[in-house]
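Down below is the structure, laid out as structure tokens.
To keep things simple, chains are lettered A, B and C as they appear, and every chain counts its residues starting from 1.
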Amino acid sequence: MTNIENPKVKIKARNMTVHYGDAQALHGIDLDLNANEVTALIGPSGCGKSTFLRCINRMNDVIDGCRVGGSLSIDEQDVYDAAVDVVELRARVGMVFQKPNPFPKSIYDNVAYGPRIHGMAQDRASLDALVERSLKRAGLWQEVKDRLSASGTSLSGGQQQRLCIARAIAVNPDIVLMDEPCSALDPIATAVIEELMEELRRDYTIVIVTHSMQQAARISQRTAYFHLGDLVEHGQTETIFTTPQHQQTEAYISGKIG
Amino acid sequence: MTDSHIVSSFDRDLADLNRLVARLGGLAEQQFAAAIDALENRDVSSIDDIIAGDSALDRLEQELNDRAIEVIATRAPMARDLRSILSAVKIASVLERVGDYAKNIAKRSRVIIQEETNRSDTISLARIADIVQGMLRQVLDAYATGNAEQAMDVWARDQEVDALYSSLHGDVLAVIAKGAEQASVSSHFLFIAKNIERIGDHTTAVAEQVYFQVHGSMPTDERPKADLASGPSVTT
Amino acid sequence: MTDKIDIRSANPLAAQAYQARLKKRYRAERRFRAYGLAAIMTAGMILLFLLNAIIFASLPAFSHHYMRLDVEISTDYVSAQTPQEGNYLGLVRAALREQFPDVTARRDKRALYKILSLGAADGLQKRVMAAPDLVGTRVSLDVPLSDDIDLMLKGLIDRSLPQSDRIVSDRDLVWVDKLLAEDRITRKFAFALFTNGDSREPEMAGIRGALVGSLWTLLVTLIVSFPLGVLAAIYLEEVAPKNRATALIEVNINNLAAVPSIVYGLLGLAVFINFFHLPRSAPLVGGLVLALMTLPRIIIPTRAAFAAIPPSIREAALGVGASRTQVIMHHVLPLAMPGILTGTIIGLAQAAGETAPLLMIGMMAFIVDVPGDVTAKATVLPAQIYMWANNPERAFVARTSAGIVVLLTLLLVVNAAAIYFRRRFEKRW
């Protein structure tokens, strides 16, 4: 168990700004995210939480007219340094999206895709082992081991999302980003994923954007509240949800007209 | 920031809980006042009503508990909302206890009245009761307005109650020491005094809940105490 | 707040008004459906009428009347050593004269020869060339009758008309009636239609040259326009930044799709023939011109197919660390393939039906030989149809329709291929 009092800082953002064209989406975010913790980013739509999440693996790069300022480092290395290969970065920082988005390929190929393009497995046997390990870690192995060649899209929503998690962790990342991973799932599938996250955080640093306050409260160790592109409050999840220091946070989490 | 929720029925639920607490408070106050009145005025006729009236308090507390569970289950309250619901439940249980004390006071008053003794210390008893009634009213007002500072005033006043109780305690013990014929009545008398003092203590518990509801933490300073009777020097 | 109107309200006026509105709405919906159905039926009827007319008109072209002749392959006309130099028409004509010994005058003989097709000896020549030892023997063979006699036998020339009003003379009728009486005339499937190139003689004119020319042309078009179009679409949709320059290019591509096709022909003439000196009338040039015309028609649906791929697939691939090229090659392109193929095949089908641009580069020409490669002189199906339609001989009427039927069949095959590939590559996500 990680020491909550003295955690290691994994991701360090300093004065992060993001512009989409003329619109500023983030106004100088300073935020430290700890290793082996689940950090929940909450806030109303358009508050910049997803934008911040996408800064961590530079997914904003592919958006036309997006400019990122400030610095963001992972293990003290600046992610936006010119020497950083964005492909390598995205292998180190896995991502799970809002809508389960398996490739329209077999379950096996979905998981094996990342390792294949990164040349992580030398032969078929080691690739098989990697796929099995990833599916096991994502808690999906028992359900799909007899139909690995079935299409990934034939699975249920919750299974698809776990397949996406398996796909993300197959390339052996340090950090897993989750952008509202349960928003399209039913409560049971959501619970399975939440249980999985608790399990995964032993090996990975997890950053999750969620609109469900209860989910943030249940699964995260720390919570950051964003509002209109500013980081309003960041702290231990228990504190944020019982005695938030900021009125905006209070209003948001208790569903008041802020 | 306004204090209303986007889902207005949530506001109504919380208001309902507050109203129930207010009704409970009013009833408890009323029972307590009636019991003290009966004792002061040596009026046995109202005692049965007081004893019967306690069940209304019990029912009201139960109703509040049920409503609170419902609100928690359906609204998933957070932060201040959650605290206010928990406070309401806790305050309700305190007020129900106050009701019990009032009932107990009424029962014992009957014995005292029937003994037909006229004791001088009734006056100091009435004084304590007066202060505690004031405290109860004040703390319920503080709850209704969400005024933590007003609620914490009660703490200071409880000191006074404790001091008065200690002196009354000494007086009654002295009476008991004088003769055995007063012992039974005196013991009832002592219990009534203790009950009133306990109600005072309970009002401070309500005050703490009000503070918690507003600030999200319990008041930090030690509560001032002047209850020498329950001090270490006295064996009970 | 306004009062809610209860549809089952006790107020009879409100209920009546409501019922009336309901009826009116239902009527409107029924009417709407009826209009749609009527439109479909009208279109279907027109199509059916057209197809029916064409197919009916083409039927005579698929068969031809032949006459059985016993030919003495005499060494006077052919030698076994050099069979390619033989006078086969002379052989056939001699055999015909045997049938009508009473025709002796030179002019009468010439008239008699005309009941046979000019290609009457082609079959015999082929047989003898294949087996020279036939020389000196007597063979029985069916030779095609001339187009006019054939039409008369098919009932397309009314023999009850006075002689001055018809092509077939009374003497011809007598000769044909004699042959009919001897049971020498048979009606057979006209293989010539599919095996021959063009000809001035309707009964010898075949579609094969134009069909092969069309296929060569389309092959060139496909090879040039498919990779160019797909690459251009990938660049525009996936790689190029969205700015003024790409917007301008996009507008121009959309405009190109609307440029009259004859303009492409002029362009082809100026660039490919006059500047690059590529051969005139060749499928190579035709294919290049049609490729230019087809390019925007491939680029536009390809871009649409790319744009239709859900961004979640791209994000998923980027998220596991795929590079931009890998995202396109591994995910976007395979998923867009059905749309690309559909666009390409529809573009090709349109190209297959074009005549105007080919007019300018000399593919609207009378070419007898079946082209062997892309540089040989060739024509294409629609051009062939147009030329046949302009020929004066009556038998070309049916030939023209038959050409249309062949062209329609080709397009049907191409479209069927489009559906097949679509099904085959289609994947759900």
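In the analysis below, a residue touches a chain if its C-beta (ideal position, glycine included) is under 8 Å from a C-beta of that chain, and two chains touch if they have at least 3 such contacts.
Everything numeric in this text was worked out from a predicted model, so none of it was measured.
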| item | value |
| --- | --- |
| Neighbouring chains common to chain A and chain C, by label | none |
| Which two chains share the largest set of C-beta contact pairs | A-C |
| Central chain of the complex, centres being mean CA coordinates | A |
| Chain A-chain C separation of Cα centroids, rounded to whole Å | 58 |
| Distance between the centres, which are taken as Cα means, of chain C and chain B, whole angstrom | 102 |
| Between chain A and chain B, centroid-to-centroid distance (C-alpha), Å | 52 |
| Residues of chain A touching chain B in the complex | 213-214, 217, 241-244, 247-248, 250-251, 253-258 |
| Contact footprint of chain A on chain B as seen in their complex | 1-7, 10, 76-83, 216-217 |
| Chain A-facing residues of chain C, complex | 241-242, 310, 312-323, 326, 330-331, 335, 427-429 |
| Residues of chain A that touch chain C when the two form their complex | 57, 59, 62, 64, 87-91, 94-97, 99, 101-104, 113-114, 117-118, 151, 153, 164, 167-168, 170-171 |
